[in-house]
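Next come the structures, one after another.
Heads up, the next two complexes both have subunit A, just with different partners, subunit B and then subunit C.
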Partner chain A sequence: MPEAQPLLRVENLVTRFKSVERSKWISAVDDVSITLAPGEMVGLVGESGCGKSTLGRTIVGLERPQSGRILLDGVDLSTLRGAELRRRRRAIQYVFQDPYASLNDRQTIGEAIAEALIIMGISDPAEQRRRIRTLLDQVGLPDALAERYPRELSGGQRQRVAIARSLAVEPRVLICDEPVSALDLSIRAQVMNLFLRLHKDLGVACLFIAHDLALVRQATSRTYVMYLGKIIEEATSAELYARPSHPYSKALLGSIPSADPRIEVTREPPEIFGDIPSPTNPPSGCRFRTRCPHAAEVCASAVPPLVALSPSHQAGCVLAEKFYAESAAQPLPHPAPAPRDIQTMHAR
Partner chain B sequence: MRILQDFARSLRQLPRVSMVAVGVFVTLGVLAPYIAPHDPNAQDLLAAHAGISWEHWLGADHLGRDTLSRLIVSARTSLVGMCLVLLIALSVGITIGTIAGYKRGWVEEVLMRIVDVGLAMPSLIVALAVIGIFGTGYWNMIFALALAWWPGSARISRAVAVGVMNRPHIETLRVLGASPLRVYFHHLLPTTIGAVLVYATADAGAVALSIATLSFLGLGIQPPTPEWGQMLVDALPYLETVPMQVILPGLVLTAVVIGFNLLGESIALNRVPTPLSRRILASRRMLASNWTRAQQ
Partner chain C sequence: MTGALLQVRNLTVDLFTARTALRPVDGVSYSVQSGETLAIVGESGSGKTVSNFAPLGLMPTGVVADIHGSILFDGTELVGMPEKQLRRIRGGGIGTIFQDPMSALNPALRVGRQIAEVGELHLGLTSMQAEARALELLKLVRMSDPEARLRQYPHELSGGLRQRAMIAIAIAGEPKLLVADEPTTALDVTVQAQIIALLKDLQQRLNMAIVLITHDMGVVAGTASKVVVMYAGRVAEYGTAEQVLLEPRHPYTQGLIAALPLPEDPPGSPFRGLPGAPPILGAPVKACAFASRCPLVLENCTKAVPQLLSISGVSATACHVVNASRLKEPANA
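And now, the complex of A and B:
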């Protein structure tokens, strides 16, 4: 639940790209507001192409927002310039999806981390070596790896190195963009557990972007659901998975196969059909209406505002309250698993 | 240092013939004064138009100057001229190209339109025009050729720089809060220089040819400095009686140009680095993979 003074607050952010078609725009992120409290682990889920990465990239300054504000500790980052902006923004780090490209293949692991330390202002070589050892240890890598080049490492190891380097600048927010989806299944759980441990040990707030919903559910305390550039539902993870109140969330969560075969038999097939519409001309009103089984005429006229269903649950659908009430009557479709090591998930 | 390593590594995968031609040219150019058996400018009218002999291995020209010595010393003239032209042209080109590739937007537009204008004009015509305006002379020739050559290297540098800037590891650096100067000087510039130096090999032959052409026309290297283009001019009136004196400098020049061109071409085709063999890489990965500690 967001606290009074969130660490990171994004207000009405809009990021657009020029489309390949002339004079058309892709609104990859359209009027998105999110908050992140200190030390909180928050999920961001949605189909591929819905703008999750663009939102993350805009927050760290890799894309220029069209409008909206990004506040870190209550300071609007757009009011800052140059070195001051870089110094402040450093508190937000980004873990890229592809660990193969995010390291310079001409730098050894040690040099890459040392560079982050130099950027931090630590130029004493002995101090650098000491910190590199600590950082590598934190991500479960041996000191000997510092002399190696990225091409000698596996994907999982590179991702660990990338994490170690982001940690070098002592971030308070980590935006993890599908950080394990490029890795082998067998390594995912390990790297995922690393995130959980770092989150716990260092108290870093984490915006965890993923399309593996089971992963998000176990790891995060709160989840945003994004569709075609907009946040359409937000709730604590437990409540979202138990009582999804937007047809898109229902369909998205319905697509997770259950581990329990008795539930799996009775699971309703997802009520979602068709492809995601082109982001160059999104549908009027509710963006999901073209694929929604419950679409009515009102849905075409205006974007449904987020309705508060409980203090920690909002959904952007005209029928949200109905779905919310219905779901209370039913037994939970997926009993919430006890918080446990994620490794067990793949062991089953 | 790493630029040199990469350069040396890519040289190892190149065709022998061109390596030999270029290697001999560079060696002769560097060591010319110590190797040349005679003073290249010493006249000996008694030996004028001499054929092959023990004294003059490749004969002598119409003033009795030793042809072998003149060929060797010309290699130095050509090498020095070529290096100067490339040094100036690449410095300007890489600076303009990397700035365009770094800044993008309107800066890139403006710079690249200037480059396009430069590229639209044939380099020899640009050089002739400059020499026409400023007169003949060694440095005028160097600057004229550099002026003709920088747009090409700017174009390549920009392409390389844009590619480098789009790599995720540069984005990572920006997220870490690296200053623009650090990104530019520590990452963009070294990578771009390394790549562009390799491409410049193909240009080197063309520059050597242009120096010879200008000198042939009397607009480049001035007598008495020995130079292949000049040797051709000197020997041309006697083409029918002593054809060897025309053929030799032509042959040498051709070998150098073809050598550099083949070299440049195979380098361009060979850009994918294979520094470690597959087997070695696999074994090193295997070794390193055991290092990840099992999570508790």
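And now, the complex of A and C:
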């Protein structure tokens, strides 16, 4: 847990959408609280439809929350209006998943970045050109690209442009929504390393929204696991991957296939049933109980509160302490366990 | 290699659109025995999809495909086969699963009808028989509440259920070969594991061969017995899954496998990857397409196309450097 005042604090956030069915609502984000310390890399993982993108979009103001607060530097953004809100909110920027959709086809790369610079109040063309050069250089692109159109660029280059554009307004938080999942395998590492470098050089904090768990583990120091609109587990990334204490996190981690056929031969399927239920009508009590192999009667009656397992680890399951204790009984190789260990934990 | 169910030899595909000519597949050969799984691995634009779908006549309208080489499926030559005959094979002898089940299913037809259609067309069933069979198939793909699902439309199903419906359609014609193009890419990891388990189970029960097109090495490791690694329309490496995944020989395969994050990598450590970008499709290159990204590159690599040379057993590599070190005489293109 960060000691200092968090840069970004989200408190009991609820974002609802109107359902196609009359007078029904879908709570895509339901009572979610997260924090982000200055310069921290935090992961947010979960299946599609769990509300992780909606949470990110609500934080940057692309969706309007139903209730709850978003505090930036301790200031509640909902209390601000007009120019003051725009100025404050500039510190949070979004990097979208699909760089083919997030850039305007009819703008050159330079024009796209210049737009962001104008918002920053940089209107002098010479100064703009200088800044565009610096920004392109920061994301590892040649200057010449400023004259090109997005269609002339590869997916990896486009994503770099999108990142450069976000950086133009000197943000302190980047919300990255699946920033590499649309990219080819061999370029993912290049873009991920760019994030790591920006984090190191500029001290930008990142909220990494992703479904690729291996990627999140390596990139972030802390991870939130989300299921059907709720945070169900939070821990330092190393601990979450070594000692997942919510059955959903365990299943999620147990589902990552290994590239070693010798491991795959003996692999047990993860302990999870079916698909994610519809958020229109979520299960009562624990939302995971319909897919959980450990579900008991108690799970249906009330939403299990987050149980603190260690100062930096919480899980919302009535059996969390049992799972946590069990994982300690396993030999914990340092620095992190091999996938085999996670799997044997499942097999039991 | 006479027992092979599918024997692809020197397959080359040229695509002509109104504006451009491309060669996405250039001299590809592989074979699949009945009941086995062959994985074709590669990045976007490597030709892995086109090499499988162009010969089946599955290409976007407006694109003219010029196919050379030979594809023997169950003793029948598919290259140059008239469309009328090809129709019988497509969906009959060869079933297909596509990446995105939402765009592959007909949104205006109930799931049951779409499955029954295949039985009527390929097995000559009456519509009553075909509907009954559709129900059986939904049970076979372990769909929950199959009676209700028959009457639902694709938009009413979740991603995992849609992919199960897609699989039911693909196996409805009792195919000997299933071509699965990224069957789990659009799905979540938990659902992916279920679909892979289902495909493996169906393969055993129906004795189907599977050609699995994917970029996920984890999926390959869990399913395939043989692997083809494609790069820029050519086969870079070919071998058993164990050999390709555990002892990759081609520098591209090595790079791809090394790029996978490992549980041992500490948080915050840099990601391993390949430098540069995958090649853009276009005219065939008279050199090794991987040369510009290759750590082992030699002068010869930019001058001649490396031949796919077999090393031992089924494994083969198309790399000047690897082949030169393995053979007494250097490989010349």
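In the analysis below, the second predicted complex is superposed on the first by the 320 of 348 C-alpha atoms of A that agree within 3 Å, B and C clash if a C-alpha of one lies under 4 Å from a C-alpha of the other, contacts with A are read in each partner's own complex, and residues count from 1 in each chain.
In this text, contacts are C-beta pairs under 8 Å (C-beta built on N, C-alpha and C of every residue); 3 or more make two chains touch, one makes a residue touch a chain.
The structure displayed is predicted, hence computed values, not measured ones.
In the superposed model, A:193 makes contact with both subunit B and subunit C.
Judged by the touch definition given at the top, the superposed model places A:237 against subunit C, while subunit B stays out of reach.
In the superposed model, A:154 lies in contact with both subunit B and subunit C. Of the two partner chains placed around the shared chain by superposition, subunit C is the only one that A:185 touches, whereas subunit B remains out of contact. In the overlay built on the shared chain, the residue A:211 is in contact with subunit C alone; subunit B does not reach it. Applying the stated contact rule after C-alpha superposition, one finds that A:101 touches subunit B and leaves subunit C untouched.
Once chain A of one complex is fitted onto chain A of the other, the partner contacts of A:276 are limited to subunit C, with no touch recorded for subunit B. Of the two partner chains, neither subunit B nor subunit C is touched by A:245.
Common to the subunit B-facing and subunit C-facing surfaces of subunit A are residues 154, 156-157, 190, 193.
Remark: subunit A residues 41, 47-48, 154, 156-157, 184-190, 192-193, 196, 211, 213-215, 217-221, 237-238, 241, 251-252, 255-264, 267, 269-270, 272, 274-276, 335-339, 342 touch subunit C in the complex. Taken in their complex, subunit A has these residues touching subunit B: 60-62, 83, 86-87, 89-90, 92-94, 96, 98, 101-104, 106, 115-116, 119, 140-142, 144-145, 148, 151-154, 156-157, 160, 162, 165-166, 168-169, 190, 193-194, 197, 343.
Contact residues of subunit B toward subunit A in the complex are 2, 167-169, 171-179, 182, 186-187, 191, 276, 281, 284-285, 288-289, 291-293, 295. Note for the complex: subunit C touches subunit A at residues 43-44, 144, 158-161, 188-194, 196-197, 215-222, 241-242, 245-246, 255-257, 259-261, 263-275, 277-278, 280, 293.
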